[in-house]
Amino acid sequence: MAIDVNTLADAIARANQSMTSLTDVLNAADAKLGDGDTGTMLARLIGAFASVDVRNAPDLGAGFMALAKAGAASTGSSLGTLIITAMMTAGKLTAGQKDMDWSRLGDTIAAIRDAAMARGKAELGAKTIIDGLDALARAVDGKDDPTAIAVAARNAMDQVLAEFRQRPSAMGRARMFAEKSVGLDDPGMLGLAEIIRAVIADHGATPLA
Amino acid sequence: MAIDVNTLADAIARANQSMTSLTDVLNAADAKLGDGDTGTMLARLIGAFASVDVRNAPDLGAGFMALAKAGAASTGSSLGTLIITAMMTAGKLTAGQKDMDWSRLGDTIAAIRDAAMARGKAELGAKTIIDGLDALARAVDGKDDPTAIAVAARNAMDQVLAEFRQRPSAMGRARMFAEKSVGLDDPGMLGLAEIIRAVIADHGATPLA
Amino acid sequence: MKKLINDPANYVDEMLDGLCLAHPGLKRVGDDRRAIARDVPMRQGKVGVVSGGGSGHLPLFTGYVGQGLLDACAIGNVFEGPTINSCQDAIAAANGGAGVLCLFGNYGGDKMNFEMASEFAAMENIETRSVLGTDDIASASPEEAHKRRGVAGLIFAYKAAGALAEAGGNLDAVASVAQKVVDRTRTIGVALSSCQIPGAAGPNFTIADDEIEFGMGIHGEPGIWRHKIRPADALVDEMISMLLAERPADASRVAVLVNSLGSTPFEELFILYRRVAQQLDAAGLTIVRPLIGPYVTSMEMGGASISLCFLDDEIEGLLAAAADCPFWKVG
Amino acid sequence: MKKLINDPANYVDEMLDGLCLAHPGLKRVGDDRRAIARDVPMRQGKVGVVSGGGSGHLPLFTGYVGQGLLDACAIGNVFEGPTINSCQDAIAAANGGAGVLCLFGNYGGDKMNFEMASEFAAMENIETRSVLGTDDIASASPEEAHKRRGVAGLIFAYKAAGALAEAGGNLDAVASVAQKVVDRTRTIGVALSSCQIPGAAGPNFTIADDEIEFGMGIHGEPGIWRHKIRPADALVDEMISMLLAERPADASRVAVLVNSLGSTPFEELFILYRRVAQQLDAAGLTIVRPLIGPYVTSMEMGGASISLCFLDDEIEGLLAAAADCPFWKVG
């Protein structure tokens, strides 16, 4: 069993579904110090992803690239562009491949993290979605069982949110109010965590701690 | 005894003095339906009059003309221009004369009324300063004693205000709200009445009715 | 209402100083320097075109002094007519020996003051004519069109009269083309929020957060109705249908001005213009030289007006002639 | 906050339609037509100059497409960067075979999107350079000038780059003159009141009735201080002294922009300009080509900014070159 265009399409459908309730939550998180559009923007972007016919893509790489293309037409926000970067990175890594082993997921997310860092000129530790990606990559690294991956991913997201909540933001709009950001979740990192939670929901995993 | 440059200068001094308290009263009257500047504007205009050296004018006509000239430099409002018209009219009627008999005051005010009507394209009965001038001209007509004139003038102004209070405005800004103007004094007419009251105050006259 | 000003008593003078510093083609003239004239000497033999009005409406009035437009302009305090003297100063500055057209909005004080100034000018052998802007269709019925207030559409009359004067038209011809433009120009506005006179205790009028006033004048004079705000397209439809109700039978081409009263941004003007263009097209009218922007304002008042100038060949030619002032450049 | 709009979802598209209807020299291009290009074909061999940014700042960004200025411009939703595709569309439209300069404000999303678009352009053999506007001195210290936001001063870089491209400068030359203008341009703004994104539940920020924020950005980004309002002259003095603290040693001539953020009327801009002119004169600087008006706005935001572009002979010549777009005409 491996990740193929159907796995990808299922994940997108679930993520898109989750945006119904997530949009307001993420907007509210962004409104605390930013311009309050993280939810709206993610909903628009994932809605664009959902309207792509990924299942009929010739291969997994082409599926990711089709998502990147749809995204490039639908968002101008920083977070959106980082997600498009993620799709392009995954697309390049899986170019021409029908599927990808679960065991390669960790490396893929690590590559996405690095590409996003390069694109966003962001460091680790700045309290952005990138710290979320980093935690995720490390948590799933070396695992090949989808359920074990789901459990690890969910726990990693809970932990990274908790860890960074007490730290100041150094990137994005919130950096203007670095002190005020202490105690608040970064909206991009929170969005990643919530979407991952939605995507793996049917694995029935519960946090370890 | 007749009206000369000193009579004129005294009247202006008293009118100017009265504006200290009148400004707000007249602004408030204008603010009900107009732009609330009748008091400010009159204060500025009469202040300009007060700074003219009328006592040293070569004759009464020149005194009036000097006032008209000062006014022409200091106001752009309708009421102001009507008052300047009044000064020019009186100036023409008394051109070259050292003084003017009190008995001629009625005719002079009548001439001012007519000139203001021509200048303002206003009819009698429209509830403006012109109805005040009309009542004044008729009240002092034929009289030659300053005290009798003062008593008649004061009564005439009380009566014309009372008479027009219940009628709608047909000129000036308040015409836009003709119905709402019923029950309110016209600010121009009120200004005329109050200034006359101030000018003749030391005649100690009390209303007849 | 916050303003970036110093002492309100100096508002007009500091504003005029800034205007002339920024635009050296303009200068202040007259004893109290409350008239603006062009910095080049008046061409002898050319008819002068002057205007005047209260401050607070920039670019109107003084902003339209320039080549092919106004020769001079009298300016009063905020929302107050210019003094008789300022009107005289403007007329004197625009005197090139061929007479002067006084072209201004139909407001009581302005009318009286230009009338008196014209009488003084006559004593100095300067011939004048007066033409009054009466384009605001909200302010009186078509039967009483001469009672209408002058608002944004006045600038089309400036342009045509200025162009004909530049081209050598005589006083009667310049006055009569100005009158023709006035007769063929209609404006309707909608106000969203008030402005405030510098130094005043409060705004000029109040209007509820979700209401607009249709037909309100540029000093806050009452309009036709006050209701809940509607979509822009619906408002434009109502405005255009009122304007077209007075369309001259011969008109097939039209100049358009979609004007901001102050705080309404360009974005909204273009949204309005989109619908204006659709509706005029549907009515079989061809738009010529649309103007979109803050051309006649009431300081920070929110809202917009639409003006239509129904063209004939003469007016169209004059609107196309070269002109150059700080706020309007043609050719 | 009331707006003259239809469905907020259609705000940008209806605005762009109106813009292009009013100014037929502009056209919408790209799949979703979120780039504006000139209606004349790109001259082969000429370097293209493009910009891009969110909606809500007209005349910026799209309003500066025109001869001797921008060749094309990508536009996003209100206060949102343009999409990668729109950036690509703008670059493609401005491609005359001699490379394209991407000249835009220093904002995270815009930077990433132009960067990605440039990578795609490279695959199609279109060479690009990027220069970022960083004129807002309130947004970072001089040592971190590269972190500063781009605000109103960007239009001086448009003008210089556009003029050099028009005159046949190659890509490196055009990029380097744009960078030089950016390096010599400084802006500081003061905000009085907020704007509101169409469809949003409330204003973008709040500010007390008697307070102003010094140094606030054009999306309401925090400034340097928030205090009671002061007289205009005192504010100008503080603004000018901050701007002159970064005056290049060789600068004796300066281009000035006194810009309305939206609802601040011309009258107030001229009151500000009067003091700006006095202060620059006192500092021994000669003002060249002052611009006063709404050039870079945030819809109905109240407030103003002052930009100084410290000239050298090359920049001064380029600013004087003929240019023609809907909102800025030179020569």
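Here are some notes:
Order of writing sets the chain letters: A, B, C and D. Residues in each chain are counted from 1.
One rule holds in what follows: contacts are C-beta pairs under 8 Å (C-beta built on N, C-alpha and C of every residue); 3 or more make two chains touch, one makes a residue touch a chain.
Bear in mind that the values here come from a model prediction, so they are computed numbers and not experimental data.
Ranked by number of C-beta pairs in contact, the top chain pair is C-D.
For the pair chain B and chain C, the distance between C-alpha centroids works out to 33 Å. The centroid of the Cα atoms in chain A and the matching centroid in chain B are 80 Å apart. One simple way to say how far apart two chains are is to compare their mean CA positions; for chain A and chain C this gives 57 Å. Taken chain by chain, the contacts run in an open path, each chain touching the next and the two ends left apart.
Contact between chains, using the touch rule, shows up for A-D, B-C, C-D. If you check the complex, the residues on chain B that touch chain C are 35, 37, 41, 72-78, 80-82, 84-85, 119-120, 172-173, 176-177.
Within the complex formed with chain D, the chain C residues making contact are 2-7, 11, 14-19, 21-22, 55-56, 58-59, 63, 190, 192-193, 209-210, 212, 229, 231-233, 235, 262-274, 277, 290, 292, 294, 297, 299-300, 302-304, 329.
Of all the residues in chain C, the ones that touch chain B in their complex are 31-32, 54, 76-77, 79-86, 88, 108-110, 112-113, 115-116, 204, 219, 221-222.
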